[in-house]
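What follows is a set of notes on a single structure, which appears directly below.
Naming follows writing order (A, B, C, D and E), and every chain is counted from residue 1.
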Amino acid sequence: EELNALIWCDHADPELLEPFEKAHDVRVNVKEYEGTAAGLTILQQSRPGDWDVMVIDAVDVARAVEQGYLAPLPDGAVSTADYFPQVVLADHNSVDGKTYAVTEKFGYNTLAYNKAKVDPKDMESLATLWSGKYDGRIAVYDYYLPVLGLVGLAEGIDTANLDAAALEKLRDPLMKLKAASKQVSDVVASQTALATGEVDVLIGGGEWLTAVLHSENPDLDWTIPKEGGLLWAQSIGMVEGTQKPELAIEFIKYITSPEGQARLATSSCYWGMPANKAAGDALSEDEKAVLRWSDQADYLARAQLYPVPDAQTDSAMQDLWTDMLQN
Amino acid sequence: MTAEVQIRSVSHRFQSFTALEGIDLEIAAGEFIVLLGPSGCGKTTLLSIIGGFLTPSEGEIVIGGRDMTRVAPKDRPTTTMFQDYALFPHMNLRDNVAFGLRMRGVGRKARHDRALEMLEMVGLSAFAARKPHALSGGQRQRVALARALAVEPDVLLLDEPLGALDLKLRRQMQDELKNIQRKVGTTFIHVTHDQEEAMAIADRIVVMNRGHIEHFGTPEDVYLRPRTLFSADFMGEMNRIPVRRDGGNSVSPLGPLPLDLGEGLLCLRPENIGFEGSFSLGRARLQEAAFFGTHHRCHFVPLNAPDLTLTVNLPQGAHPAPGAEVELFGRDPVLLSEDGR
Amino acid sequence: MTAEVQIRSVSHRFQSFTALEGIDLEIAAGEFIVLLGPSGCGKTTLLSIIGGFLTPSEGEIVIGGRDMTRVAPKDRPTTTMFQDYALFPHMNLRDNVAFGLRMRGVGRKARHDRALEMLEMVGLSAFAARKPHALSGGQRQRVALARALAVEPDVLLLDEPLGALDLKLRRQMQDELKNIQRKVGTTFIHVTHDQEEAMAIADRIVVMNRGHIEHFGTPEDVYLRPRTLFSADFMGEMNRIPVRRDGGNSVSPLGPLPLDLGEGLLCLRPENIGFEGSFSLGRARLQEAAFFGTHHRCHFVPLNAPDLTLTVNLPQGAHPAPGAEVELFGRDPVLLSEDGR
Amino acid sequence: MRTLSWVYLGAIFTFILLPVVVLVIFSFQDGRLPVPPFKGATLKWYAKILADRDLMEALVNSLMVAVLSSLVAVTLGFLAASGLARTVLPGSALMRGLLIAPMTVSYLIIGLGLLQMFNQVGIRPSLLATGIGHVVINLPLCFAIVYAAIGEHQKSALQAARDLGAREWQVLWHIAAPMLAPSLAAAFFLSFTFSWDEFIIAFLLTRFDVTLPVEIWSMLRSGLSPATNAVGSLVFLVSVAVVVTLELTLFRKGSK
Amino acid sequence: MSIERIEKRQGATLVAPALLWTLVFFVLPFLAMALMSLSHLEGRSVVSGPDLRNYAKIFTEPSLLKGIAVSLEITALVTVISVALAWPLAWIIATRIPVRWRRLALLLAVLPFWTSYVVRSYSWALVLGEKGVVMNALVGLGMLSEPVQIMATRSATVIGFVHFFVMLLTLTIYSNLIQLSPNYARAAEDLGASRWQVIRLVILPLTLPGVVTGAFLTFVLCIGDYITPQILGGNNELTLPQLIMLQLGRRGDYPMASALSLVLMLIVTLAYLACARWLKMERV
């Protein structure tokens, strides 16, 4: 039997999938995608039954539901009782009172840096990036939502208020940021640059980027500056039209179980906080230290959710982002 | 094993270009016919029409009494031997020769026996297991012949089979070809543009030019009694002397000639002029001579006509000295009309 | 504009293979020399050594009195005309011909004038603006000649310049080549493996075989008085009759011959046997005859030696009938020793 | 000029071989990052990738797609070349042009076009779809190679076979294919290489049954690792071994 | 029926499968894409056209226009540099290296062909990084006081491309050179040309068709490539293929991706027409 999952790269780790596959004697086929729009396009081009589960940005669950791609989860299928309360995100994961997805992992897009080369005090404010002190040593993570969100925070705009009008205010600082930075790059290139010392600061980075490198280079660190950071949270849901709802639910249960959560948190592609607190028991102290387990209360209080743009704003954001890349 | 071929008012056009025009030929069974003519005159086209690779625009081909005009090559009692031999490089000689029989469904044993027999005939049975690339040009030519004959065609078509061989080998293969044809009795239609080759092997020669037949006759006929200026020239070098009739005598720039000819060009081959002959050409001065082995090739300027040059082949023994003035005589005169017909 | 060439005990080895062995030649200024020999005998190698493309393993090359053995091609008073002509396809004829002058720093106007003059000489001045691919084979050959002569070499080296042309054109170009050589007076060294060509144009012929010289002499010498069996055979067909000395007479399978010869092979060319001649070869039966235009090619079997076949070219006039028994006579006998030397 | 030549040769060979050498060396890196300093040699990355199920599956997929698509491309190319070399068909030039055309179009465009068409007719991305795309890109190549190999000599051999009574399929099977075997092999070999190495079409047209390049791409996207070096080196060493073997056996014979 | 007709019918039968394949899987998708490019994305769904909004956007939106410019610049640079590097290499192998070492030299010159294409770019990333081998060596040797940035710049993209195309062009130019009669060079030399003159006036012009064919192939492959700029160039400036993939990956904007693809194809077609005179595509 097979389970087809549309996922992000952290779910491709065999260490995560194998226990489930063994337990249920199935094979999990995974397809990675990049960005919600691309994921939804894949679903649009598929036929019912092609996919069983999907990993998606918690803030985009509604968008997927609106287009009819997600099926409601049976009541009580997944318990969020042990979750960090801030990441249950019931408003986002349910529509019209029906739950369509459940949060499984979260973390922060904020500042990652090399503490051997950077004064950690400087990292306490986003403004440092525009101060000129680190010109040429900054990398920008190439994903428009979190970085625009961060630039917004630096400008004093909450992510929730990021609309077309607000966006225009970001153009200038964004271009300045680009001018000050050495590169705008995807995960690997950013990681490499930070790890090899080509850059010292990464805006948009966080534990998901530095954690895997921790054993290699303990100097890599991250923080949430005083302006705040962005909370990313990914949810998992069942795809509408699946022929194997039971198996899909089982998979979602596995992922949200303490054991699954622990494996997902330390997945080879990137690390992140498990949504389920109970996973803490399955994680080693070292792992928890790298994840900053004990700081979560503070961090969660200061972080804001990703912006949730409408189609128009989203398009405008991407145009702005492309302009920045091409500048 | 042999058949007569009739070609009845065949014409062929490629798009707007007329490659053959009103060709009529009656070839007897067992004849060795050579199609001779300059490049582009339509020899290959005619051969392809007989072999069935082309359908003529007009006219018909009758082989052994049956109309074959629209029959595919493989269903005709003809086989073609191609200029480049077209041996199959990946098969050994035996399989090459046996190929036609295999296609006819002859069993393995029978066809191999027959192939070896054919190879025996061309003296190559010892090489039966070799591949064609391990053979010399002349040997390949023989294999091609064996392959074509293995299927016992009534008519064998050969498109410049000796074209790729060097002179010496060519002369040798001519003899062989002629011998084999005598032995098997098949009608051979052979294309060449080498008139020596044509004369050496043909029973009859078809001289072609620009898509039509200029002359069809035995080698002697064609060489000694050409019908047209073209065929006269094509068969070998020719001196041309314009003559007019004046009373009972013929008058030429060389002076009056003791011949009873009409109006036209008196044609004399270089070897038919010399210090003796049937009629005098008057005195001439030797301008230049070169030794060509079997003869000396000389240029004479007639004293009466300093604008003319006569090319004369004098036999080896003669030792003419440039500048000498001698009387020249002619033999075997042919008169052709100016317009070439 | 012309120079003599001395080749002094030149040998050449490619790795272990000896391509040339002890070649000695004295070529006079203005001579037309032909290197003749079968494929692989070393003609191109020798020409390359003279032209400077190869340095001989031993020996020296002296041109116009100066030792040139180690001088680069461009600094020698020689130019080479290559078999494939090597015309520069991206330049028009004028630029091709002017190339050598351009390399010598001759100004644009001057070199173009000179190029046109050379093209005029070979009859192609009207095509000066064409590219080589728009020419026929014969025309290309003339351009190559013009290009090589434009730099006024003392010695022109030609490697099978006529090899790619068909027979008729070839004969025509031979005459032209000879004429041009007379006109310019340059020493020509010309490579070919066609003995007719060699005889037609050479002042002297160098017959080569397996890297050494078999014979060096005038065409008559080489054809009529060959020094070796190889050169006898190479220059044309030859009947060989073994003879022994018996008292004052020579004895052969045909019977005693009224000749005073030593021991060896009596060599007679087919045209030197006939119904008259300087000595009798006894009676023979005509086995087969074919008309070859200028002659009949006949095979005679001597009555005394039924195993021998004599090839005889009888003149056109004769009409032998197969089966007839006639007495044959020989002319110009040559005796060569069995081992070919 | 002589020294200049050697200096140039040295420089350019360094340039050409440098990345491969670095790739191979750091596949043995005993550390998390395949960049200097070299921290000592280990084979663990090789062990890791050999044990990686997805990677091995991708390898098998790649092999399958490459072999099958090359076979189809060579067959179609061979038939088309035989047909076009045989007679002058009306519109021959146009047909040749059409068959060659995909060669001048970027793979990205071919992949994108196929993706959209497949979407419209409801064919799902799969190895089959990828294989179809690979035939599209390799067909021109196979056609061109085989077509160029059919010279006058081949044509007359085919004529001779027909003249001797062979039917059309017999001509193709007994004569044309064996005679053109070297070019067919070359066409197959090249097609195989291109298909084996092709990324963008496979990326667009597969789902979870991915080919090796796509799998490597996702490895790359999950971080810098000597494991990627190890995969690259392994593929490289195996290919070189195959090429050298071919060079020593098949092509040696042909090249003399 | 005449023999020629039968021949033609059989010929057509043989061509048909390949032709059909090309029509169905090349021409048809192309038409589908052309059609798609005439619709546009509104909000999150495709509105079918026909309209020219995408094209209008391409030619007004600076970031897209710049993508075209970047692609053209990189491709031109790569083509020129590759030819300039490959020609001497091919020439040296064809003329300076003893015959028995030639195949080996050639094999060595194209050895990296056999690494996986994706990996090849990746290995350049390892080499060119600030901590990579090159910078390490240069700084270690004291030739640079400080590593300079090559990775994630246009230079890295160009180097990666040049590496690949030098190999490709070396092959095409070599096969061209080896087919030339050695007599061209000999004749030129014999007529007094120096080595350089032989190369400049004779050999170089004679290889022009091979060079142009190779350069065109380079152009096509280079301008349409996504991997190399993505891995080596970073996202500091985007080429046309990167923009196309961006439309797909981030926005799911198929109409725009199609329109950009058609623009890419138009550029290639123009390049083809520009050098059609020397191209022998059938002989690639």
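Basically, a residue touches a chain if its C-beta (ideal position, glycine included) is under 8 Å from a C-beta of that chain, and two chains touch if they have at least 3 such contacts.
For each chain, UniProt lists the protein as follows: B, C = Spermidine/putrescine ABC transporter ATP-binding protein; D = ABC transporter permease; E = Spermidine/putrescine ABC transporter permease.
Given the structure is predicted, the values throughout are model-derived calculations rather than measurements.
J.: Which contact partners do chain A and chain D have in common?
T.: Of all the chains present, those in contact with both chain A and chain D are E.
J.: Could you let me know which interface, D-E or A-E, is made of more C-beta pairs in contact?
T.: D-E
J.: Cα superposition of chain B onto chain C: how big is the rotation, rounded to the nearest 5°?
T.: Copies differ by a rotation of 180 degrees.
J.: Using mean C-alpha positions as chain centres, tell me how far chain A is from chain E in Å, no decimals.
T.: Chain A and chain E have C-alpha centres separated by 37 Å.
J.: Could you give the separation in Å between the centres of chain D and chain E, each centre being the mean of its C-alpha atoms?
T.: Measuring from centre to centre gives 16 Å for this pair.
J.: Counting in whole Å, what is the centre-to-centre distance of chain B and chain E, each centre being its mean C-alpha position?
T.: 56
J.: Which integer distance in Å separates the CA centroid of chain A from that of chain B?
T.: Roughly 90 Å separates the two chain centres.
J.: Spell out, as numbers or ranges, the residues of chain E touching 2 or more other chains.
T.: Those would be 4, 129, 131, 248, 254.
J.: Give me the residues of chain C that touch two or more other chains.
T.: Residues of chain C never touch two or more of the other chains.
J.: Where in chain D do residues touch at least two different other chains?
T.: As it turns out, chain D has residues touching two or more other chains at 35, 220.
J.: Which pairs of chains touch each other in this structure?
T.: Touch list across chains, by label: A-D, A-E, B-C, B-D, B-E, C-E, D-E.
J.: Taking the complex as given, what residues does chain D use to touch chain B?
T.: Per the touch definition, chain D meets chain B at residues 152-153, 156-157, 159-167, 170, 174-175, 178-179, 181.
J.: State the interface residues of chain E toward chain C in the complex, per the touch definition above.
T.: Result: residues 181, 183-184, 186-194, 197, 201-202, 205-206, 208 of chain E touch chain C.
J.: Using the touch rule from the top, collect the residues of chain D that touch chain A in their complex.
T.: For chain D paired with chain A, touching residues are 31-33, 35, 52-54, 119, 122, 124, 207-208, 218, 220-224.
J.: So in the complex, which bits of chain A are touching chain E?
T.: 34-35, 37-38, 40-41, 44, 63, 67, 142, 144, 182-186, 189, 192-193, 196-198, 311-312, 315, 318-319, 322-323, 325-326
J.: So in the complex, which bits of chain C are touching chain B?
T.: By the definition above, chain C touches chain B via 166-167, 193-196, 199-200, 218-220, 223-224, 235-236, 269, 271-272, 290-294, 297, 313, 315-317, 331-332.
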